[in-house]
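Right after this note come the structures.
Note that chain A is present in both complexes that follow, paired respectively with chain B and with chain C.
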Partner chain A sequence: MESEIDRRQLILPAFGPAAQGRLCKAGVLVIGAGGLGCPAALYLAAAGVGRLGIVDQDAVELSNLHRQVAHRESSVGMHKADSAAQACRALNSSIQVDVHREGFTPANALELASAYDVIVDATDNAASRYLISDACVIARRPLVSGAALGTDGQLTVYNHGPDGPCYRCMFPEAPRPESCSRCSDAGVLGVVPGIIGTLQALEAIKLASGVGKPLSRTLLLADCMSGRFTSIKLRAKMPGCIACGHNPSITAQSLPEYDYNGFTGAPSNDTAPQSLQLLPARERITAGQLHQLLDRGTAIHLVDVRPREQFEIAHMPGSHNYPFDESRKDAFRQHIGAIMQLAEKEPGVAVGNGNNTEDADGDRRQQENSSRGERLGRPVCIVCRRGNDSQHVVHMLKQNGFISAVDLSAGTLEKDLQIVVLFALASTGKRQAHGISVKRRVGVGLAWAALSFPVGPNIIDRGKMLDIDGEVKTLVEKIKELGSPDKADHGRIKVKYGLLFRETSDLFEALAGTMRAAKRKKLVTFDGELLLQGVHDNVDVVLLEAC
Partner chain B sequence: MVKLKIELSGGLEILFGNSKEHDLEISQANGKVTLADVITKARDDLLTDRPELFMKDDSVRPGILVLVNDTDWELTGTLHTLVEDGDTVTFISTLHGG
Partner chain C sequence: MKVAFLFFARSREIAGTQSWEIDLHDGASIQDALQAVLTQFPALTEFEGRCVLALNQEYIDKDSKQHLKDGDEVALIPPISGG
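Moving on, here comes the complex of A and B:
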């Protein structure tokens, strides 16, 4: 109360000391420390809310920073809840900030919701939204719900007042998973969740301090591209609602067992889809095989079917982009002619497992196939992010009589599969990539690396620059956490190489194991020396190429 | 003949040729036009892509909010709501992102 920080709102006639006093005694729980949660938490901290809880189970990634403004470049790899709490404490040391790193789950939902006065839903998926709403109904807490995607935002207050609806009153039936885009897939203009998250802080402050008219039974729509904010009138709570109606089936007893992922048909975390097995193995090649073929000068067309945005971030030199969306296969048919035309240009070599690149064999096959009216042009290798879409595309091409297409199977997470992983030169401004090959039980991180940049060492050496500093930084942080035999040298660590990866845990287990096996000394060296250098038959990481 | 303004929001515009505003004209034999008629007509005349993401059975799919002149259709009679010349019907896909 005596804080200088809050003085401007103390003298505001509409707010004043009584309201500020209530705010200082109130607890607000912000669920999700992402695009909505960051601005919401920062403004709540600045306003002097007494106790601020921050829930998140993810780590900060570089791709978050354009909208998740409580995090810093230096906090990449850190728990989002910790990072956001740090920012809030740095802003206002007079408030209490609680960190909940385990996420908001059916198991802890009621306990967490009951421990605060106002709940802010700043999550990014339908399963969490139903869970949070149900928990707020049972714990009798008002819920400030915000969402943003692309350039649109939505905001309302649920479960407030005598007739305010809950989320289930509005949406008793869960939407189809494919109609729920995430920011990570569909993109979002960073300032849009910033606007909605800031408005969420405003609603939470109004509720906690008892000032103003909260947005109950009102949905605020923000169309940020046309600068239009519209308020619409919503229904009252529904008597038949299974959460807040007269005879609820969701109760304090049943909620912890409720299958929210099953109800929404989508998991609440951003897990990758299952690997598809549409094509036989002989129609697929691995990154290592492709690398060998290209190295030998084999004429292959590379067709990259990822969305244009991903293609523009990084792609193999000389590849063509024909985006494929599984839900819109028909739209891809227009590209098939173009891909077939591409393949007409030069006679090619058959590529694929079991059909190696013997020219004579290829010629014979070509003749046979020509006589059957099928076309065998210059071979085409279809590349996508995970190795699933590429199979669909190959399948479509084959249906159209085009048989010399294979897909890059780097998504296959088989034991002992050779996966090409990129090393990055991070010590200079330019991030030139080099390759290593990793032979081990690979996890998602490695697969992602191989699929996002499905290239072998020599291909990448041809000069493709990749923007992968975020991942490198994460690795550096992790390596620093592991420590080194000589702590005095810490300040001098200059990492020349980093592994490119996304999900840290699996990969890092491997790295840590390798380091332990080699007593670290071989692996972590200083001042531009190789970061990883262990060459062991029984260890996981083998460095093939130094630079 | 009833002339309506159709608005799309929350990403639904992608299914409607990427345009957030459309005009729609409906004529019914008895002169009464309900939201059920509007939904079907919007699908037939305006929708350009993936009808299953707009409709389920005879109504909109779960997760779509329908408004008549900025009011939740639950308050006006859902599918049976009568619309009049000059009304605005809005279809909003609920967002989950953040």
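Moving on, here comes the complex of A and C:
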């Protein structure tokens, strides 16, 4: 099926019609239509691979788009496999594109792998990587394995040639769950999976067309921040490997029953880690309780233990940043003293769930506690992103005898506060609801929304964001005041007021009614040029993202 | 003799540096070098047995008793699984 599209590939001396012919007859399965899979699938489609399978069970989210380049803003909510297949078909209508929306599972792994000639692992987690490798060994398929995180990339071809190792030969023991940062937590520079995914397409094309020397027994390491590309010569197959060794225990019969999540200690998707239960409930507070405390004017220190980059995106006014990394607890010990000193500047109240005592009680408790050698100071609320690291920090503080620390149980991902504040603002417009001035309420609400919004560095000016000032009317009135946004500049629009949020659905629901009542379709944001990010059924919504 | 450790991906973040040089006695083995790096960066123990080790850009078994020579480079390469 050689076409005009493929002509420059055909005349390439190293490629030619025979190789193109093999490519056109070959089937390549791309598992994962994310940061790696999107560029891989697009290049495979463009190169004219005969049959392209795309596996993914997730839906497109806005936060994917900076790296998952086959998807569009308009495909948010769509199956990634469908969205990527659509992009591939649009690029080259002469190829066959199969869509597998059910994901790659122990139940379908062998059937899927056997149905294609080359397998591309473009997944984002360790459990899938072991499963795919095992399936390729059993189905006797070469595996193009790529990975990217932060600014690092890795690439190799497994299970190819007489002595090519499999993933288990290289990593017989699964990484510890804490070693497996996820793009959703650690972030990833979008172009890095783009580079690795593109190289995966190259390796898959070489394997499918039989040209060149595949990257078997070679691990390519890309350290993109320093521009360092290093090749490591890998070992041959491990004779005792449980997948590809002489006497494998992972077989066509046993694979469907193998507990991959149990083996890696992590679920096979890039979702949030499980909630830690280190602290008792009484030592934890919710955003709503914190809000009430601040509302009452309680003097409380906010210590934000997220990485500096996340803190810089947005943080609660007046909070202190002492980054915590679970794998480097020792490094955090230097901050423990600083936090305790901070707290001891002023006597404070004890806070905790159902234990919000008045100052007098706090003083009494302090005296009681002092006699037991425990130190009580101005209370400290530890804030992290998810409410896990904060528990470790509170625990460390308590071990050091400091007991007036609580943590914010759902971290900055607490949605309630944003929604409560923003919805109250939309529906009542009261300036003094719950005793906090509108300015402060808005500040808190937007700050919280911003806290959970992992965007790039060109961050919304917090000064402006917090300064919706004393003139706040109802949101409806605000919306009525908005002029027609000028969309001339390719989706960038100039707007006045707005909301900042990440988890869109709840807020959409809450606001859609208000919007309909106001017979307005545009809901947009504060001063500045913003990027049009998403469109909802009822309401055109602009999400703030780094412009 | 001087031996350099090269850190990749998360091990680089934990060590806080791309590379680290150690002075080892002549005849030191790869095991001696690993011991030294774990003493310097205890948090790297999370990768023990769970990463690829390379000596001068070639895979080396974690239990290897190979002796090192001046100028050798040992790379610590934890798997990354993101995408």
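Please note the rule applied: the second predicted complex is superposed on the first by the 371 of 547 C-alpha atoms of A that agree within 3 Å, B and C clash if a C-alpha of one lies under 4 Å from a C-alpha of the other, contacts with A are read in each partner's own complex, and residues count from 1 in each chain.
The rule we apply is simple: a residue touches a chain if its C-beta (ideal position, glycine included) is under 8 Å from a C-beta of that chain, and two chains touch if they have at least 3 such contacts.
Given the structure is predicted, the values throughout are model-derived calculations rather than measurements.
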item: Fit or clash between chain C and chain B when superposed on chain A; value: clash
item: Touching partner for A:Arg282 - first (chain B), second (chain C), both, neither; value: neither
item: Chain B versus chain C as contact partner of A:Arg235, first or second or both or neither; value: both
item: Touched partner set for A:Arg333, first chain B, second chain C, both or neither; value: neither
item: Shared chain A contacts, counted only where both chain B and chain C touch the same residue; value: 32, 34-37, 122-126, 129, 146-150, 152-154, 170-171, 173-176, 178-183, 186, 188, 193, 196-197, 219, 221, 223, 226, 230-235, 327-328
item: Touch list for chain A against partner chain C, complex; value: 32, 34-37, 122-126, 129, 146-150, 152-154, 170-171, 173-176, 178-183, 186, 188, 193, 196-197, 219, 221, 223, 226, 230-235, 270, 327-328, 330
item: Chain B-facing residues of chain A, complex; value: 32, 34-37, 122-126, 129, 146-150, 152-154, 170-176, 178-183, 186, 188, 193, 196-197, 219, 221, 223, 226, 230-235, 238, 327-328
item: Touching residues (chain side chain B, partner chain A) in the complex; value: 9-11, 20, 49-50, 53, 61-65, 67, 70-72, 74-75, 90, 92-98
item: Residues of chain C touching chain A in the complex; value: 6, 8-10, 12-14, 18, 42-43, 46-47, 49-52, 54, 57-59, 61, 75, 77-83
